[in-house]
C-alpha cells in the first residue's frame, strides 16, 4: 500500500458548547496543521499516488474556504461543535468530493482512501480516515 | 475511523540485560515523548472522540507513576527489559484499564482502540496498538 | 552565556485592523507555541539558570490569563493589533515583571535577559528579546 | 501489534519525465528523511521488536548505496520516475530482502511487516507498507 | 529587539569540489528548508516587523529562482561551492536587495537586519546573518 | 556572520541535589538532543564554516564519552549537578579543546565561537555560548 501526504494550515476562531469543553466554551481560536494523506494499492503510470501539484492546489483551495474565519458564524457549522476530529472529517469528505469530481486528475480515481490529521498544538492532534 | 492523540513525556533511568543491547546494558536513561491515541468509529454526542481534558489528566497521572525513576528498582519491572516497545505496551494497557474503570468518562466506553508511541530520540521510536 | 527555554501554548481568537493584514482582518484565531528563554552569564549555586519548575509555573499562569479568549474583547488590547510579534513582547514583559517581583525565586534576580518566541504555524514565528 | 522505527537520511539528484511533474522535470534534488518501521505481533525473548543496532546498521548501509548520487545515472532506475513513493518501496523491498537473508538477526524472522516513509520536505512525504 | 521568520523550501542538485567534501563531490541534491528572519528595534505603525504577506511572497519568488535546478549549471554559481552556509548568504543578500528596492513595502526600510537559516537535513543546518 | 550546526544525541542517567529539583532528585534519566553550532565571520577557501564531516565525527566521539552512562558515577561530575545548562557548557568546552588541538582541521582555527543547545524534551532546552 502506497500513500502521499501534503501539509497545509488553517487559522480559525470558534467556541464549543458542552461542559466537557471547560474554558474552550469561550470564543477562542486555533492554528490547525492539516495533513491530507492519499492512499492506493499500486502506483499510476507516472509512478505516483496522485499529482502532488493538484493535491496541494485542491487542499489549499479547500482550506482557503475555512481560513481566517469564525466558524461559529459559518452556515455549514451552525449548532455544531467544530472539534478537531470533526473538522478532520469535514476536510476529508470535501477532498473526497473533489477526487470524485475529477479535480485531482483522472489518475486520482484509482485512490482507495483518504485520511486527514489536524494538529491543534504540539501536544494534541486528531485524525479521520475513510475509503474512497 | 476517528482518533485523537495527546502527548506527554517521561524521564527515566534503566539498563538492559542481553548482548544485543551493547552499551545500553549499562545504567543510562531516556526522555520518552509519549503519544497516546484513542480511536472510535463514530463521534460521541459532544462531537468528540473522548474528553481531551480527562485523557490528558489520566495520561499525565499514569506517566507520573513512572516519571523521575530508575525502572530497574521498580517492582513492576523486576527482571524485565524495559525496552521502548515494552513500555509503550505498559502505558497502553494501563490507559485501557482506566478507560474500563470509567476514568476517561462514560463516553470513553465507546472507544474501540488505543495506541501508544514512545519516541526515545529524534531518530528512534516504538509503538504498541491494541483493541479496547 | 547560558540560557534555558520552556515551551507552553496558547489558543486565542483575534482580528487585525489595516489593509496590510488582508483576510486576517476578519475574526480568526491561532495556536501560539510560546517559547520563553531566560539568560544569564553564570549559573547559580544549584548549577542552573533558573528554577525550571517556577519558570514553567509562572509562564503557564501568565499564558492562562490570555488562553481561550478573544483578544479583541480584552481591555488590555483595545484598539491594538495583537500581532504575533506584539504578543511576544507582552509575554516577555509580563515575565520580566514576575522575575522582578521574585516569583521565579531569589536566584532569578541574576538573570540578564528574556526572549519570547511565538510560533503561529509551522512556517511563521516571531520573537521579542529584552534585558532584565 | 508492536513496531519500532529508525530514521536515516539521503541526499540525491534526479529528474522526472511527464508533464504532471512540471518544473520537477528539470534535474534537481532532495533530502529524504527515511523512516523504516518494523512490525510484529509479539516481542522476542529480549523483549524487543528487532535488534535496533542491526536495523540501524542495515538501513544506513542500504541508504548508503543511494546516497550522494544522481539517480538518473543509476542502472537500477533507468527509465523510471524515482518519485518519493517509488523510492519508499525500493527501500522497503531492499530491507525485506535483508531481513529474509538474516542480516537483521534470527529474531527478525518473526517480523510481520515493514513500512518506509520518505519525507521530501516539511510539507510532503510518502509511504509504502508491505508484509514480510 | 523584534523579529519575524517565515519558512520556504527549495529542492536543488549540485556537487562540490575539494577533498573535504568526500562523497558529496558527486552530483547529488538537497531539500533546503529556508527560514528568513527580519529584525528591527521597534514595531511599525501597524504593530508589525514587516508585512508578512510581502515577506512570504518575495521569499517565495526568490527561492523560485533557484528551485528545481542543478546549481552546477547556473551562471551565478560557476566555479563556486554552493555549500549550505554559502546559499544562506546568497538568499539573505538577495532578500536585502529586495528590501532596499522597496519590494517588502515602505515600512520594511525600518528593518535593521536579516538572517537566513537553511536546514539541509534533520541533523544539519547553516545560517548567515547580516545588517541592512 | 556564518554558522553551521550539527545534531547528535545522548542517553544518560543522573540525579540532582537540592530542593529546587523536586522529584528530579531521584535517579532518573534523559535523552539529550545535542546541537553544536560553529561560527565564523568569513567562509574558508572551500566556502564552508568548518569540515562538517570532522565536526560530526568529533561531536559524535565526544558525546560517546558520556553516552549510556550514569553521570553520578563519573569522576568528572562528582558532587556536581549535571543540569542541562551545565552539560551544554561541558560539551561546548570539550569541543573548543578539540578545535584548539586541530581535530576539526586547520581551517577550524578560523572559528570565532561555539554554542551548544541540549534539548531535554519537546518543551525544555538549554544553551551555552562561548568564544573560541
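Should a chain be cited, it is by its letter among A, B, C, D, E and F, assigned in written order, with residues numbered from 1 in that chain.
By definition in this document, a contact is a pair of C-beta atoms (placed from the backbone, for glycine too) under 8 Å apart; a residue touches a chain by one contact, two chains touch by 3 or more.
Predicted, not measured: the structure shown is a model, and the values here were computed from it.
Asks: Taking all residue numbers at the chain A to chain D contact, is the shared part over half or under half, that is, same or different?
Replies: different
Asks: Assuming a repeat means more than half of the contact pairs shared by residue number, which candidate in A-C, C-E or A-B repeats D-E?
Replies: Most of the D-E contacts reappear at A-C.
Asks: Relative to chain D, which chain's C-alpha centre is the most remote?
Replies: C
Asks: Centroid from C-alpha atoms only, then distance chain C to chain F, rounded to Å. What do you get?
Replies: One centre to the other, that is 27 Å.
Asks: How many angstrom lie between the centres of chain B and chain F, each centre taken as the mean Cα position?
Replies: 30
Asks: Could you tell me the distance, in whole angstrom, between the mean C-alpha positions of chain B and chain E?
Replies: Using C-alpha averages as centres, the distance is 41 Å.
Asks: At least two partner chains per residue is the criterion; list those residues in chain A.
Replies: 7, 122-123
Asks: Quick one: which bits of chain D touch chain A in the complex? Just the residue numbers, please.
Replies: Per the stated touch rule, the residues are 18, 20-22, 80-86, 88-89, 122-130.
Asks: Which bits of chain A are touching chain C when the two form their complex?
Replies: 7, 9, 11-14, 23-24, 26-33, 67-70, 73, 120-123
Asks: Enumerate the contact residues on chain E facing chain C in the complex.
Replies: Contacts found on chain E: 1-8, 43, 46-49, 51-53, 56, 105.
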